[in-house]
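One structure is given here, and the rest of the page talks about it.
Naming follows writing order (A, B, C and D), and every chain is counted from residue 1.
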Amino acid sequence: MNTNRPWWRPDGFYIYAVLYLIFIYLPVLFLPVFSFNNSKYIAFPLKGFTLKWYEAMINNPPMLNALMNSIKIGLIVAILSTIFGLLAAKAVTRYRMPGRAPVVGFIMIPLVIPEIILGISLLILLSLADIPLSLLTVGFAHLLLCVPFSMLVLVSRMEGFDKSMEEAGLDLGENAWMTFWRVTFPIVLPGIIASLLLTFTISFDEFVLAFFLSSIEQTLPVYIWSSLRFPSKLPPTLALGAAIFMASFIVVTFAEWIRRRGVRLDSTSGI
Amino acid sequence: MEHDAIISFQNVSKHFGKVKAVDHASFDIQRGEFFSLLGPSGCGKTTLLRMVAGFEMPSSGEIFLDGQPMSVSPPNRRPVNMVFQNYAIFPHLDVRGNIAFGMRKSGLSKGDLNKRIDEVLELIKLPGYGSRGADELSGGQRQRVALARALIKQPKVLLLDEPLGALDKKLREQMQIELRQLQQQLGITFLFVTHDQEEALTLSDRIAVMSEGQVLEIAAPSQLYESPSSRFVADFIGTMNFFEGTVTAITANNMTIATQVLGEVRTTCEESFPLGAEVWVAIRPEKFRPEFTSPARDIDSIEGRMGPSAYLGDRSHFYVHIANRDDPVLVALQNLEGSVHQLSRPDQPVWLRWSEDAVVVLAKD
Amino acid sequence: MNNAVTPSGIRLELRKLFLKSEPVRGYTLLSPTLLAMILGLAMPLVVLFTLSFWLQEYLDFIRTFSLANYVEFFQKPIYVKLLLKSIRISGMVTIATVLLAYPMAYFIAFRVKSNKLIWLILITVPFWTSYLLRVFAWKIMLGYNGVINSGLKSLGFLTEPLAFLLYNPTSVVITLAHAWAAFAILPIYVSLEKIDRSLLEAGRDLGENAWMTFLRVTLPLSLPGVIAASLLVFIPTVGDYVTPSLVGGPRGIMIGNIIQSMFGQSQNWPMGAAISVMLMFTVAAMIGLFLWGTHSYRKRVA
Amino acid sequence: MNKDQLTEKLATGKMSRRQFNKALASLGATMVMMPMGSRMALGASGDHPTVFTWEGWEIPELHGDYIAKHGESPNFAIFADEEEAFAKMRAGFKVDITQPCTYKIPMWYDAGIIEPIDTSRLSNWSDITPSLKTIPGTVYGGKQYFIPTDWGQTSVLYRPDLAPEYVDNESWGILWDPKYKGRLSMSDSLVDGVMVAAIYSGAENPFDMTDAEMAKTRAALKEQLPLIRFYWDSPTEVEQALASGELVAGTTWNDSYATMKSEGHNVAYMSPKEGAMTWVCGFCIMTDHDPAKIDKIYDYIDAYMSVETGVYEITEYGYGHGNAKAFEQVDPEVLADLGFTSSNPDDMLGSGIFQVAMTNEAALQEMFDEVKAGY
């Protein structure tokens, strides 16, 4: 396929990709723009440059605390739900199991059940079990929500990845765990990365469950949602959003720079 | 269990739900043998192989590998290695990485391991291919890498699951020779699964013919071909002409069978059939000698008419119509002197002759 | 002789069982996931179903079995109408999102050679800013004095801002299609990525043009990803209520808003539960239909 | 191994699985420990009560006396609206203090989740504006179940430059003016939304309507629906839209006026001839509070009732405060800028319609949902 096409003569796909990136970035790029705007209100025309929203953001410990909470929960949930999803995906794609379809259906239920019901019922469950609300309970709820996402992504990767690869790993003397680590893991790595990205994004952005299952520690969406009551709190939040956005961008660029300096890390693994 | 058996199947069965994939298999494979499992697809040969590898567990019975029962051994603890049908080359590793995969716990130093890999690459005739990626290899090369990856482990038994099925004919024949040489050179027991009878005959020391989960016969290729023990085996290995008959006389060394088509057929008697038994008389196509003049004696011969023929290069196939028989009899002839044209005139009368020891008698059930 | 009762014998038997039985191995792998799900889901489901057969009287539940909520669901036109509206909107969102995402996923899978990870992250980064902020961002884009209106105005195409850009079902579709973009691209990418390149080349060798190769090889092989993507977008958006209430305008409510208000302002949890049950069944039925349809498509192509 | 080495080794692929596993394990351990660490950093410890309140009402400036006495703030859990808060508590969430508004008190009382408050334990009780102490639905059997601390108005915020004819004719009617089709907004709630329609349609007591009045309210809502740009969920939305000119008028709380004015926007806050609505919020003590924390519970409420808190709330948030003395401390000019027409809170409170509990909220909500769905 035409891999050697010079960048100044892009083909349709390349043009499409750029347009698509514009579509997903354009609205988000207004966050930084308005985070420097000297007005509480997000509206044109711009009123002049200011850094005061960033100052307000830095001097807003509850918001930063909420941000940290969300990052923590997001990372833990992403890793755990990807592990759970991977185990489950392997089980249902690799073994002949009676009751496979109902089990899969059961795991998918969090996708169909309205979040407010999941939130309220989990809260009832927790108060029956006398478990106090904390970030852990939020994390558990997010885990329930994320596992189906993770599993769906990974099942679609595992299906059609040849089972004999894993058998070859076993056959060559590795136990199940090492076979997983040395064969399955690298081959499903694109799926794992996609799952990590997705589940982190879900958890990081989830509001309803986090509201019902958090106590005195908030996550960022809960903080932002409740702080909309005060318009003056929006611009610092905007500054935070812009900062997250720019920071992720810098991290990604930096990571890419590191990678380019290093040797060809994984030329054949598909990622 | 015989003394030198490397693998011993004892009453091994495997069920998938109601399907009996393998039904009470009991036999031994000797150390150093090239042993083939042959049968049509779905006969259970791959399941049997996978049970040796440990990917499937017998529903009942036990497999002994070098005297050890295998029912508690996972695949990674068995002294066997497998060449998979589709080779299962790890896509994320290069050739060297694939070959080195199983050597993690070998205790070899890095240098020694590299030397071993180079040796094996030499063995499979791919020196200098170590840094190729899996997607940069041809089918034959993948097959060699899969072989090397298994052989470097120095298994007690090498399992091969139709490894040549995906190759074209020429490459397949070349690989057959190489495989045979490799096996003799290394002295490792090969357990080879195939549905290609010619391949099995070419390669094997012994062949187990399987059908519908059952092992029908285990024998050396020549015995399997020359004196099969059942109609299925006779039919599956090569081609065979079958005629119905009844045993009419038995002497110490000879048996006479009356057939409607061939008349009285005499044969050397190896297996004992009772007088009056209904049997199949089977004669291989190449055992017929066509003649175009009426023979002196009418015993051990039959008159027919030439039907269609097929030129196959090294040999030709002729279909001969015989009275009292709907299907023509198949006759194969080496194209020794290019005398094909003379034979292939349609409707020409022809007499087919055979010798006594060409006749195989099979029980009719 | 029977050593099955000694501890080591029992271990041996268990081990035999483990190796022998695929269901045992499968469920062992599934057990952590299943355990978490049973812990966290069985209860909500029981609560949900039980509630849906109760009735609410001011602050108390009438705990006798009753089908009244379900009868009301079908008797009052509002519920079915909103359910259908929600399905229509999230169906449109799903189609738009998946159609837009496919070429992008294809691009990353087949055209990007060395830095795919970067592309994947590049696609998810916009979604690490808060959802609410992104909704505000869309309001900036589509709003009265927003980017599009201001742009068109300054170019002289408009004298009065276009009001129809925001606060209607279309803006809900646009906002949701944007919000769920990553959820469509990633699964499709994952399934495209595993397609053996030689198959595509084989397709070309057989004399098919690029488009036919796509239709007959690539698309069927990537179908699991497309299915996953469709489900990942469709299911969560059916029940969404935040987006419609923020950008949908006065008529923008969907079934999720009703459920929300049943558990909040209306203080009628049993009715809310009954609506949720109906929503779940409808969605499950649609998924079943969808999977059945794609399955038979796959069979036909294969 | 430090972080740079880690990245370097990962990038060059030189890291062994064992090292990687070790790094992963330590990362995991760190993350599991992190929530505990940050909680300690917050300084909220187990012996403080938990206050369930609105975002923005938990800041230290609003309970200075408590911090002075106990060295740190109590614990806060945040809600965005009282319905969600109520649902959360009904499902089992236990807190010590809540901060709802008056119209929710009867329901919470009926639900048995709030308990009587011993006003003699509150040193600032005598300074509370008298008319706030007797709001219907907050006193049962002579016992105070609610301490009023915050109040404000719900009225129409509008752009006089875009709707000049309403400057001298302030009326809820602007929200039904077809001239401004698509440029109007109302709160997406019963008390600040549907009640407006009830007032506009002439209900005698909007909070306790007859069936005929309900029907008229419904008709008013239906009439208004095509004129509405959106129903707002948060003041931020409506203020944004008023600032950009997208909206001409919308219902808001009076602090929106103060904020927008201070930003230099041309807005005016109505005193509608039909009467503005007055809301009052304050504190309840929950029945399942931790008995061991009762002293601190009273300390917190008392601190919030103080003059200092009042002044801060009036000047910074633009809301009224329950402590009458607080108004005396604020410059009348500042008060006027904030939209307070008088320095005597009783004057303002008397002119408005007090928001009290609505009878049959469920039916009202159902009606509102149906109207929004097009029925």
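Heads up, the rule we're going with is that a contact is a pair of C-beta atoms (placed from the backbone, for glycine too) under 8 Å apart; a residue touches a chain by one contact, two chains touch by 3 or more.
Treat the numbers as computed from the prediction; the structure is a model and nothing was measured.
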item: Comparison of A-C and B-C (more C-beta pairs in contact); value: A-C
item: Subunit B and subunit C: spacing of chain centres that average the CA atoms, whole Å; value: 53
item: Centre-of-Cα separation between subunit D and subunit B, whole angstrom; value: 85
item: Interchain centroid distance [CA atoms averaged], subunit A/subunit C, Å; value: 15
item: Euclidean distance of C-alpha centroids - subunit A vs subunit B, Å; value: 55
item: Residues of subunit C engaged with two or more neighbouring chains; value: 136, 139, 143, 145, 263
item: Contacts with 2+ other chains: residues of subunit D; value: 84, 87, 233, 237, 240, 244
item: Per-residue overlap in subunit A, given as positions that touch at least 2 other chains; value: 42-44, 96, 120-121, 124, 225, 228, 234, 255, 259, 266-267, 270
item: Every chain pair in contact, whichever chains are involved; value: A-B, A-C, A-D, B-C, C-D
item: Subunit A residues touching subunit C - in the complex, by the definition given at the top; value: 1, 3, 13-14, 16-17, 20-21, 23-28, 30-31, 34, 42-44, 84-85, 87-88, 90-92, 94-98, 100, 103, 105-107, 109-118, 120-122, 124-125, 140-141, 143-144, 147, 149, 151-153, 155-157, 159-161, 190-191, 193-194, 197-198, 200-201, 204-205, 207, 220-221, 224-225, 228, 234, 237-238, 241-242, 244-245, 248-249, 252, 255-256, 259, 267, 270-271
item: Complex interface listing, subunit C residues touching subunit B; value: 12, 15-16, 19-21, 197-198
item: Residues of subunit D defined as touching subunit C within the complex; value: 81, 83-84, 86-87, 107, 110-111, 182, 188-190, 225, 228-231, 233, 237, 240-241, 244-246, 361-362, 365-366, 369-370, 372-375
item: Touching residues on subunit C, where the partner in the complex is subunit A; value: 22-23, 25-27, 29-30, 32-34, 36-37, 40-41, 43-45, 47-48, 100, 103-104, 106-108, 110-111, 113-118, 120-134, 136-141, 143, 145-147, 150, 178, 181-183, 186-187, 189-191, 193-194, 200, 221, 224-225, 227-228, 231-232, 235-236, 239, 242, 256, 259-260, 263, 269, 272-273, 276, 279-280, 283-284
item: Of subunit B, residues touching subunit A in the complex; value: 16, 53-55, 74-77, 80-82, 84-86, 88, 90-94, 101-102, 104-105, 133-135, 149-150, 153
